[in-house]
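Report on the structure given below.
Per-chain residue numbering starts at 1, and chain names A, B, C, D and E are given in the order in which the chains are listed.
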Amino acid sequence: MVDFFALGEQILVMAFLVTLGYAIGMFFNGFARKITARIHNRVGPPIYQGYIDVFKLFGKKTNISHGWIFDLAALFSIAGITLVFLFLPVAGFSMLSTDGDLFLILYLLAIPALGFALGAGASGNPNAAVGIMRALMTMLAYELPLVMVIVAMMVHYNTTSLAGIVAAQSNMHWAIFLPVFLIGAIVADMALQGMLMEKPFDIPIAPHEIATGPMVEFGGKHLGALMLYKMMGIVVETTLFVDLFLGGGVILSVAQYGWLAYVVNFLVWFGLITFVFFLALLINAVFPRFRIEQALKFYWKYDALVALLILIWIFVEVST
Amino acid sequence: MMAKELFPEAQELRKGRIRIETIKDKVTEIIKKLKENGYGHFVMLSCVDWIKEGKFELVYQMWSYEYREHVMISIKIAREGDSMVTLRDLFPQIETYEREIHEMFGVNFVGNPRLGEFILEGWPHMPPMRKDFDTEKFVKELYYKIPEVKEE
Amino acid sequence: MKPIEKEYELFIGPNHPGATGNMSYHIWVEGDKVKKAETRVGYLHRGFEKLMEKRIWMQNVPLVCRICVPEPDVNEASYSMAVEDLMGWEIPERAKYIRTIILEMARISAHLLTVGGIAASLGIYTAAQWGVGDRDYLLDVFEQITGARVYHIYIWPGGVRWDVPKNTKELLTKVLDYLEKRMPLYEDLIIKNKVFIRRAADVGVIPKDKAIEWGVTGPNLRAAGYQLDFRKLEPYAAYDKIDFEVPYYPKLGEYEVLSDGSDIYTRTAIRMLEMQQSINIIRQALKDMPEGDVLLKHPQWFAWKVPAGYSYVRVESSKGEFGYFVVSDGGKKPVRVHVRGPSYTHGINVMETIAKGLNVADFAPTAISLDVCPPDIER
Amino acid sequence: MTLNHDDWGKVARMMSKRSLWMVHFCTGCGAMEMPPVMTSRYDMERFGMHAMATPRQADVFLVTGYLAVKTLKRVVQVYEQMRDPKYVIGFGSCTINGGMYWDSYNTIKDLSKYIPVDVYIAGCMPRPEAIIDSFLKLMDMIDKGEAIGWKKYHKYYDQYKKNQRMAYAYRLDEVEDIKEDDAK
Amino acid sequence: MIVEVLAILLGTAFLMLALNKFPKIAGTIAFFVSLLPFLAVLSWAGQMGINIPSYLNLLHFESMATYNLGAGSLLLEITPLGWFFLLLLASLFPMVMLYSVSFVRENAGGFYAAMLMTMLGTFGIILAKDMLTFFLFWEIMSWSIFALVLRGHDRRAIVSYLAFGSMSAMLILFGFMILYYDTDTLLFAHMHLAPTRLNLVALSMIVAGFAVKGALMPMHVWAPHAYSKSEEPFVAFLSGGLSKLGYFGMMLFMYSVAGMGLLASWGTFRDVSWFGYSLAVVGAFTAFAGTILAVMQDDLRKLLAYSSIGQLGYIAIGMGIGTPLAITGALFQALNHTFFKAVLFLAAGAVYYRTGKWKISELGGLGYRMPFTFLASLFAIFALAGIPITSGFAAKWLLYEAAIEKKFLFVTPIMLIAGVGAFLYAYKILYGVFLGEPRYDVKEAPLGQLVAMWILVLPLVIFLVFPGWVADMAAPILKEYGMQAIPHTPFVITTSLGVYNTLAVIFGIIGTLLLALVLYKWKPQEVVPHEDNYLAGEPPELYENISMHAAYKYYEPFEEVFLPYFRSGAEKLWEVVLYAGEILGTGARKIYTGMVEDYTMYILLFFIILIGWWLLW
């Protein structure tokens, strides 16, 4: 018999966390613009600008669509990214992360991307098509070093489950404190830069080249949905990084400290993802963007080479 | 060789400004010769509407970085029914000047394939740079007559 | 059914972040490579030359500066010089120095915009933001001297409108010191940035042997490897009295020579060097500036009759050769004023030619690095 | 207490006034003062404004200066691609009465004959302070529900279209009748 | 009933030749006959531990049959492994035939005859109990395929298929001979292979021979040509179905016949035999290289062919690793590949049927014109890319888990990156064919084609919800090899490393989609025509025919990066292969008359000789 009470409770908690995730995502939008503005010597928008922008976009009186395939973009991107968030351990708290593992997360991340790509393609604008081409190629580029590091971690911790990796890092045994995964974290941070589409890898949306690429035809609620996707994407991607290398931000054990542990862990997690995002913003501010083949070469030559060293390291570790 | 030596008929306006008045059949030859003799920079092709004479004056202007000398080769063609051969093969930018002059004055350059709409779009009247086109009258009869949007 | 073509068409402009002002490049792209490009201009056509024929000589002064917005002073200067040429006037010495200062300030402010624009087109928005922000200090000085931020209408036929305020020297020195202090930052962000070098070196090359024939002028020509500058070739204002070296490829000073020249990188480097050069020129001009009148005693403004004749006057602007061809028949109004903007060749023939085979990603940076300013194409 | 429709409208207006995204379209020389407005000295992002690449994403259209007829076509195209609610700021004297170019054959003289304008800024060219002031004015108008240019455009679409056609054709006569299917 | 089915298939094949002038009638008859193997599958389900309602069990099939033919006898028996592969092929085959009814027009009789012969061969191969029967039916299948490849009239395809087909047959035959020499028996069940080097060589030859049909690199060369130049229904069956027979053979000989004892005789690496490890590496390389090559194709069929090669590589990985997890994964991947690849080829055929174009860059904007075709291919593409809203993910997941379980540090990233590469070409199909600028004003594909496609989409949904069912089907196979089935329930598969709970994913998707839908439906919207698009402000009416489809050389930067590496590698191989093909081709040209009937006759003649020879012997 299904325990409906427990199920309901779980759904409520998940709804709360998803709301929190989006709230943090929107905060990150304002945060990013504020930080960038400070680097530009400007005052910048208020830090809550992200909320205003999203509400405004959803409040647009008329919206255009290029047909039902175009609409899929908004649906798939929001649904997909929310789903990924559900499968991530957040601050050590697992929503669905015991029901799927890291491979699932990697593939679920493709749902919003492909959905977005469908919508952009359906708009029939060549700028969008070129942008999607670049986005997919950037994805191919950064995935190689990323999966190499992830595979190394899986083998090292002998689990494919992200929750398992987080659990293995409890009691401050964070992966980043191991020399091999310190290098791994640097490699993955480079990949994260591509994942977050920050410079030098913001090739897909390069405004001067292809007028924001895939987003050219999106406006109003469609753009709002994409912004939500992007904002949640920041949370998801930084959380993934934090879960992998920084123990998910878990510093107190729930068994020992009860609800206090949740609060503290959430705060630490929030601090860590903000910090990771902040690093990405700093890199973003001072670099021009690569051309797409340069990005591919960068990831597959330099980043992947370092990742290969990590693999060899782990190989030796496993073999002996 | 400097322009003065090549073309004795050239007249010096001031230091570094040479003016050659010629006829349209000779232009190609002169410009070719000048180009071969160090006048490598084609500055501009200009057109002046001398309405009282009924002529357009086409001024081909070249500059030599070597001699620091500016040459204006001036020809006159009739305002109506006359044409000029294109010189786009000599300097690529002549093509653009010809396009502009064709549009603004209505001078026909034979052999230029890109004559057509360049700056204006859907212009139905006389080429606007001609002296007999009265822009003030035109504006008063068009833009000021377009009605304001009435709100009911 | 639509005809099936392999190429797709992109419009870079007018409503496009990569457009250099209100103009449009219509490009045909196959895969990732530009196959054909056509420049579409005319969006800014106001019929200046027509309007100038309708106005008396002096009325044209406020009009001409609107031809090139980022650097309006070159228009005022060249128009004034053309009138002076026809009138046979020699302007006061002090006015020459003031003109030099104004023109060089305009050059710095235009180069800051362009270098920032190149950086922004490749994604370094920080540099663009800083560039425009720093340009504002120059505009403050402009405002102090001329009373306006953008359209100064300060250089008049016969000199300059009025003398500079007393504290100009201190003000300007302060701004120049500040700019000099900022230069290394720009260098780190742009010209010495490894990613920038990768993007910019050997991209958008104008072949050296064609550069003069194609009518390339200004920094673009110097980046192609010619030490040609109209400030040296045909000195106007006080340039003949000022000691300065024109930077050109491969003499890039402290910057590395990374390519065969004439690419985005070299053009950016030349502009960076020219800014430093301009700072030097202004300092010299401030030091050497004599006292005296700044404006000739004119006849009554509205009764001018300019002697009949042809005049062509050129000024080395930040984009290249800016020339005014003025024809007078001895009347109160000019018969013909024809403006040669440097973008006329850069934006149309040169860009259409070198665009072939360019990567889509490199198109906008190339166009911006040529410093194409549409208003001086169509006027 | 329950929120009625008007209150929601008020919230929506509050949001939309604090997040005005601008079309990246330099229609004329006024665009020269836009970089300073965007950067450190004046920084319009303080008000949540920034430039967007395409009209679909944007809310406010700064017509920066004179419009050649050729540009007017593009401006109208861009304006029609923008989504409601959308606002237009006429920038500089040229959009008010032609300014310097009052007798130019190729520039339109009064922008409001072709598309509805919510706020005008006088001057040639307007100083950044004036631009910022116009933004604040527009925000104020949005808040009060007075910025209704886009509604006017729908309501008097036929008149606007007719005027646009006259300008496009450079002549008053021979304007084709507005077809049924064109009217929205 | 087994022999009767064989006889009916053979008889119908002859009948088809007679009905050459009446394609529709021939197609309909062929469709109904093609259902027979599927009935056999249903009938045998009970024995495999799958309970199906009794009313589906229409015909009773015995599980074993012997058919005496004078000197020798056909020995047939159903095994769990055979049943699984028969399930795939027999459920694909009727749909392909249904599709063909509206698709095939020229010389339909020959087509149906050859197709039925192919199925006849398949049926026999899967049921074969000894090497001779196996080889006999293998040749029937191979030559029927040859007849169908001939219909494409493409010399390269024919020559390369002939060359590689012969090579495959030779390798298999030599392998069989060695095994026979060593064990003195033809029956699989009686072979107990000693771990000798000779046997390993024989096994390698056999696996290499099967790798040709399985399009494993470097034996894949024929596949892109044959796939891209033949009729779509056949290609769908060839790529989706018949390529699995190669893997069936590999599996049969590696695990049923040889077993771990022989495989491990070469040594082991982390409990995986070097033999299997090499196969896995070859599979991973195939997956990677096939993907990269697929991304570079402009011909829709070539793209699908290379993608097929890449996806088949995953099956080889699973077979190579050989743990229960890996074998289940390989079987799951085989199942998925059967259906999604068939759907994609059929959809490509439907697109061709309506537009007459194969080049991706010449298509475009069909998504709104052919919505059902589009949706079917979208689903198939999701399965192909392994996106967890179809069953495609579970298979890949099992394979990844298997690789990580064995700590394959270098193979796993290659597999994963090949999976990412699949997004690239998947999107190329979506964009180039279905999205982008609408260029064609065409109708939706005919009903028969749509029904065929959509029925083939069903398994992708069913096994998304019940991934455990595949594990159920794999259990008897694993049991035969003395392995434990992987722990699973219908919805949850557990490994030592992680869990995949399909219910969480499904309900998660439904929930989040509802959330998205609420947000999305908040505000009204209007649909604008394609012309009302961002053109940087330029009014479209001022320009004639603005071409806005960017599909030609879509991944040009990608090609610039990868082509140099692949050109030199592939071209050298090509030269050698083409040289060989040239020599073989001169022989082939003599019998190449261009008449399909002739070819069919050749094949029948070949059989008669073969059977006659066999009977006399």
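One rule holds for everything that comes next: contacts are C-beta pairs under 8 Å (C-beta built on N, C-alpha and C of every residue); 3 or more make two chains touch, one makes a residue touch a chain.
Keep in mind it's a predicted model, so treat the numbers as computed, not measured.
The set of chains touching chain A and also touching chain C is given as D, E.
Here the chain-to-chain distance from chain B to chain D, counted in touching steps, is 1.
Taking each chain's centre as the mean of its CA atoms, E is the chain most distant from chain D.
In terms of Cα centroid distance from the overall Cα mean, chain A ranks first.
For chain C, the chain whose average C-alpha position is most distant is E. Set side by side, the interfaces C-D and A-E show unequal numbers of C-beta pairs in contact, with more at A-E. Inter-chain centre distance (chain C to chain E, centres taken as mean C-alpha positions): 64 Å. In this assembly, the C-alpha centroid of chain B lies 23 Å from the C-alpha centroid of chain C.
Rounded to whole angstrom units, the spacing between the C-alpha centres of chain D and chain E is 58. Rounded to a whole number, the gap between the C-alpha centres of chain A and chain D is 37 angstrom. Across the assembly, chain B contributes residues 119-121, 128, 133, 135-136 that each touch 2 or more other chains. Among all residues of chain E, those that touch two or more other chains are 437-438, 532, 534, 536-538, 542, 548-550, 554, 557. For chain D, residues touching at least two other chains, in rising order: 24-25, 39-40, 53-56, 70, 73-74, 78, 103-106. Pairwise chain contacts in this structure: A-C, A-D, A-E, B-C, B-D, C-D, C-E, D-E. For chain D in complex with chain A, the residues that touch the partner chain are 11-12, 15-16, 18-19, 24, 39-40, 43, 45-48, 52-59, 82-85.
Interface residues of chain E, counted against chain D in their complex, comprise 532, 534, 537-539, 542.
For chain B in complex with chain D, the residues that touch the partner chain are 119-125, 128, 133, 135-136, 138-139, 141-151.
Those residues of chain D whose C-beta lies close enough to touch chain B in the complex are 69-70, 73, 98, 102-106, 108-110, 112-113, 116, 152, 156, 159-160, 163, 166-172.
On the chain B side of its complex with chain C, the touching residues are 13-14, 16-17, 19, 40-44, 46-50, 59, 61, 65, 68, 70, 72, 91-93, 95-97, 118-121, 128-129, 131, 133, 135-136.
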